[in-house]
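Just so it is clear, A, B, C, D, E and F label the chains in written order, and each chain counts residues from 1 on its own.
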């Protein structure tokens, strides 16, 4: 047995080491390399030089040869995203996949090998399909619906108006984008950054600013899915940094001390009816938001029906996880430097920052406005208006934290959840409206 | 598509499919029946002979071994299952908002996925 | 810091409130609205009237403007489905997704915005792909295989014949559909409702009555996937209502009292061999049923092999859940009123009811027929014949319940499971046969 | 695509969309607010009448039943949740390689999937 | 009530039994069968003969009529795969799905009914898409990354060279395939069998030997995905049989007794940095391996970040399970006899065996070579070189077992894991290189 | 597709790819080796300096800190893993039909999914 293997192995190796023994007679070289096949000695040398040629040729395919400064900058950005996600716990489930996606998308490659996310036939391109066609966002919303408890909203429906007020951010940014020279569909897609809702932003930009649609004047819209998605997720992650100063600026110490009465209990029947009625009312108003709102309330019904816990569980765990992984990495990879690093992207980032500020101000000021009509313990703590920007649940937690600073006994989290989820519904409605006007 | 049309008239064709179909369905399931009634015990016997030597008769290895599994046991199990299936229905669970409240703070954002992630 | 934000915010808001301040000079109105820009006072007014125009225009896009009576009827149907699922626990994992799907599919929308399930490019259309191409049903069968214990069938193989007998429902309905004027492929797809198996019905109708295939005489088959699927699932949910009277009608009190001897124990080896052998025999007989039966027995082998519990677990939990969610909501949404509410759908529902009745009768009568040849404690309780219609496990539970009424000590559940799962195999074989003849 | 363009000038169009959009968003959410404030209690009342007979007044079935759920309880819950959310952050868990080692022998191959399969 | 059902049932049955009663007047027979409709007696007969005709016609569609010896042989192979998986626990999560896939793919069917995996429109064909386009392998690598602990490699980086040395198997097999007459891309795909990594093999063969690409000389490459995948998985399963004799042959008793010092502990920070740095370095060198290595290290970062455990868990459980199920069954089904049983497949199997032998030898001999430069307790036990072939973790376990035979106190498992995972990285790099040269 | 063909003869091309490929694979993994041997400790050192001030030398922060993790421990762990891996094989588990019967009532229908849903 041992011998058979020995012989077999040696024979196999013979094939492999043939060139070293100078048996490589068949070779007909077409390269410029002059081949010296005179002595045993030089065969090795010539072979080395050929291999060296091969390596040189191969080198031209490596990232080292093709790297551009843009790629390196973006790789650094990707590393920073990962660092922020790990170190500061800023939306890690999004920043880490997006960060590694940014790195993957900016590994320099030679075009034509089906490697890049924008090359038809590449694996990344197939996975990106769910972004380009707006398929991932509704599936995320399905899981979100199956996670969300709308009790606080049902208990105190008037807080929904705070979620509406924050949509000022969307429309103001839209206007700002128009002023900066973007055309209407592009501006609509950029505006939705102010909705502070990643999936909604991806959904709307995949419909409006996808690099495919053609405008009446014959121009093609730009593909802004990448910058918009990155801006939306970046600022959502930075909500704990962006919001507190604005909140302190626009509220008085006295207002921040307002204690709200606890929400009433909500029956299971109400919770079952909510998704059905909310689905009907919101999509009748804004039918283009159907994929988002339909899936959101579908997921919520699965959760609240009491009969489909199994499906709700899958929707809010494994299904949303799978989609989050694929969405994150492909959105990240879509920031390929040659496509991403443009003046447009810079402007989108600037507009995004403004939109979050305006949305926060809108929510806060509207809460103060509502207080003009409310009395006694019905009065709102205006801080919760800031939660209307969605970025669930971060902005609600920021409200809670700022509230605690003013009064360590004032727990605003439950109250802030209502405008928080209303903000999501509001943004989806706004997306549907923009899509109806400009889609 | 390859069609097996025997008639131009759909109804007649229908009757043929009806009869043919039923015969084939019955045929197929009879085949399965016969295999598991007779074929499988023989197969298992042959397998046993190959792997452990020919020290058993077909009858012995015939799968009807668990004679201890009597009707009483089956009845007991059936009752248990019956109970089990019944008790699943306590409609309209009056869970308090409090209990839900714990869940409530878990939507939309990535950080919050983990709350669920830990539970499952 | 505070000041910077203040200035920044005010500047941002300036842009946004420009029109209120009457700075909107560039506007070149093309609508009929006569614009009054004389005084500060009227600027607001004119702006209001323009916005009102916008809202009017937008209104034409809302569901309120586009709702048709058909949509409202179907939405009501969807709500009833959800109600039945929640209140009476009728197949909630199917009725609730289908119900909300029916609502989603009937939200009125303006054609051309990529909203509807039948519009290419819409999200729902992409998810519907798995229905149209018959991809979801085999995946459901994979999970079902990984859930099912075929022990009772292995222990008492002759009960398989009851599953065969119930297929009379399939072929009789097929004939009935022909009499009502459906062409052959359509009638074949309608017939399978009698198989009482949702995935099989969707699979066969997606192959035969998909609105794409062209008949020899040049006509295109109708798209009946929606009505057939809805009929199949509706009647499966109603099995506890449909079957008991038929069972009491066709059996005598004495027959219902028959006690069957307990099934023998089944070894793990037999359980491992079953899926392989059953796969070979059934698909050799009916190769067109391969996607269904192949996946069914694949799932069962994963379960019984003892080595792949991990895969079996995923197949019967998360994978089947994901597919169930997507299948349910898209099948529901495919009932868009303008396509669904037709005379054909009504006829399909009528035929579906008949098919369940015939299938139940077939199983019951065949059990009585078999009793002519069986003696002593080998005699069957004819009630278990009714379980041959599949609708697993509802019809088996109905048998159990009806049996208990006659004799509170007679537990038929275990015995009824054998014809119950045999009914599924039988229906899949029947689907394969119909596909071979008419596909 | 059907465009709703009212103006040839994008900026003006933008203002219209801004105002229209805000009104519609507010309108939609006000509709929801009104429904859940007034519509739903009436619906539930009607449902109760249909299913259990007319023995209750609207006010009684109005969803504000859990008056026992007071501010003190809400505060307590809020604190609990606050604590819960806070304690999730024990950075840089210094798990020893030993603990990881157990996990280590579990990559790539099918047989090894099962190690994880059992844990979850 | 009872009566209504009775009447309804009888009426329904009347339709169904019409032909038996001789009412089938409309029938216009186009077959050769002469119909005798004279008496009640003969109607039954004639009908029987017609039905018999139908069955005869149907028989031509069954597997019994269309079975070829090739199909039967492959079905036997499938059963053997399942048997090996269950009985000997050889890679059951792969061999059992592949085995049942082989059976499913070789059920004889009539072409044109959308049944076979190579027929456009069939369900299997849709699922096979993930293989043909190379989508499944990166998803498997994602899960693998989320499973793998690279600690042993970080602690002892020089062991990475053993993973490089084993790639000799890849390139030698590549050369062997060229000698046997395969063209360059085909030979490249065949060579990767020596990488002992199923997903990598499928990925590379789907890019190079997919039956689609066209060579400069106008010929189309063969579709070798099936044979390559089957060979790779078969030999991976047989690693416990293939490797031990080679290991004993090439090492002395004294070498096998070498005890290695335990690896140092690795900090969490290092583990977080590893996937990012390894991703950058390896894909800069071999950009075409990006889909594989990108996903591998993405999964690993999800695992090690400490913030995304939820996503890592999904990636390494449900997601990889789903992909494993689909990959296994479709790769198995791609062995349809008329396409699979060729001289090429036989040669690929022969080359595959040789490649595993060479790879094992390469690793072992390189470990001995490294020992020339290492001193004291830094010396390697050359057995761990054999783990460089990947086939994780089987080859590492084989090393452990062989080590135990020489010295029952010498636990090599931890040390063998380092070359083991390095072998995977090495094979992916090699695949990228081959793809760059020949893709 | 861009081909890197250096020779018209496939075999010669093959040898070039063989040698080139091996060199690149080795090169790549050597790069990784070098980085984790030398690059990473320096990086971690720099990071530490930036975040905590320059109060440590390179050698101190070099990752070889856990000297307490000795060979004895490693051996113990290895044994434990070895045992663990071994005990997975008790073939042909003679589970009674009774135990299976409980599972049996769980196929096909939605209502029944939940039985499994609860278990996992």
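Everything that follows uses one rule, which is that a contact is a pair of C-beta atoms (placed from the backbone, for glycine too) under 8 Å apart; a residue touches a chain by one contact, two chains touch by 3 or more.
In this text the structure is predicted, and so the values were computed from the model without any measurement.
Trainee: Based on the averaged CA atom positions, which chain is farthest from chain F?
Mentor: Of all chains, C has its centre farthest from that of chain F.
Trainee: Relative to chain B, which chain has the most distant C-alpha mean position?
Mentor: Looking at centroid distances, A is the chain farthest away.
Trainee: Could you see whether A-F or B-C has the larger number of C-beta contact pairs?
Mentor: Between the chain pairs A-F and B-C, B-C carries more contacts.
Trainee: Using the average of all C-alpha atoms in each chain as its centre, how far is it in Å between chain D and chain E?
Mentor: 42
Trainee: Distance from the CA centroid of chain C to that of chain D, rounded to the nearest Å?
Mentor: Chain centroid spacing, chain C to chain D, equals 28 Å.
Trainee: Centroid of chain A to centroid of chain E, CA atoms only: how many Å?
Mentor: 33
Trainee: Taking each chain's centre as the mean position of its Cα atoms, how many Å separate chain E from chain F?
Mentor: Chain centroid spacing, chain E to chain F, equals 19 Å.
Trainee: Hunt down the residues of chain A that sit against at least two other chains at once, touch-wise.
Mentor: 16, 58, 61, 89, 92-93, 110, 113, 168, 171-172, 175, 179, 263, 265-266, 269, 285-286, 306, 310, 313, 317-318, 321, 324, 413-414, 433, 436-437, 439
Trainee: Can you pull out the residues of chain F that are in contact with at least two other chains?
Mentor: In chain F, the residues touching two or more other chains are 1, 4, 11, 15, 17-18, 20, 24, 66, 69, 73, 77, 81, 85, 96-97, 101, 105, 113-114, 116-117.
Trainee: Please output the residues of chain F touching chain A within their complex, sorted ascending.
Mentor: On the chain F side, the touching residues are 1-2, 4, 6-9, 11-12, 15-20, 23-24, 113-114, 116-117.
Trainee: Given the complex with chain C, which residues does chain A contribute to the contact?
Mentor: 133-135, 138, 142, 168, 171-172, 175-176, 179, 207, 245-246, 248-249, 272, 275-276, 279-280, 283-288, 290-291, 294, 297-298, 301-302, 305-308, 310-311, 313-315, 318-319, 354, 357-358, 361, 433, 435-437, 439
Trainee: Inside the complex, what are the residues of chain C that reach chain A?
Mentor: Those in contact with chain A are residues 1-2, 5-6, 8-9, 12-13, 15-16, 58, 61-64, 66-67, 75, 79, 82, 85-86, 89, 92-93, 96-97, 100-101, 103-104, 107-110, 113-115, 121-124, 126-127, 317-318, 321-322, 324-325, 329.
Trainee: Under the stated contact criterion, what part of chain E meets chain F in this complex?
Mentor: It is residues 89, 153-154, 157-158, 160-161, 163-165, 167-168, 170-172, 174-175, 178-179, 183-184, 187-188, 213, 216, 261-267, 269-270, 273-274, 277-278, 281-282, 285-286, 397, 400, 404, 409, 411, 413-414, 422, 425-426, 429-430, 433-434, 436-439 of chain E that touch chain F.
Trainee: Which residues of chain F touch chain E in the complex?
Mentor: Answer in residue numbers: 1, 3-5, 10-11, 13-15, 17-18, 20-22, 24-37, 39-40, 43-44, 63-67, 69-71, 73-75, 77-79, 81-82, 85, 89.
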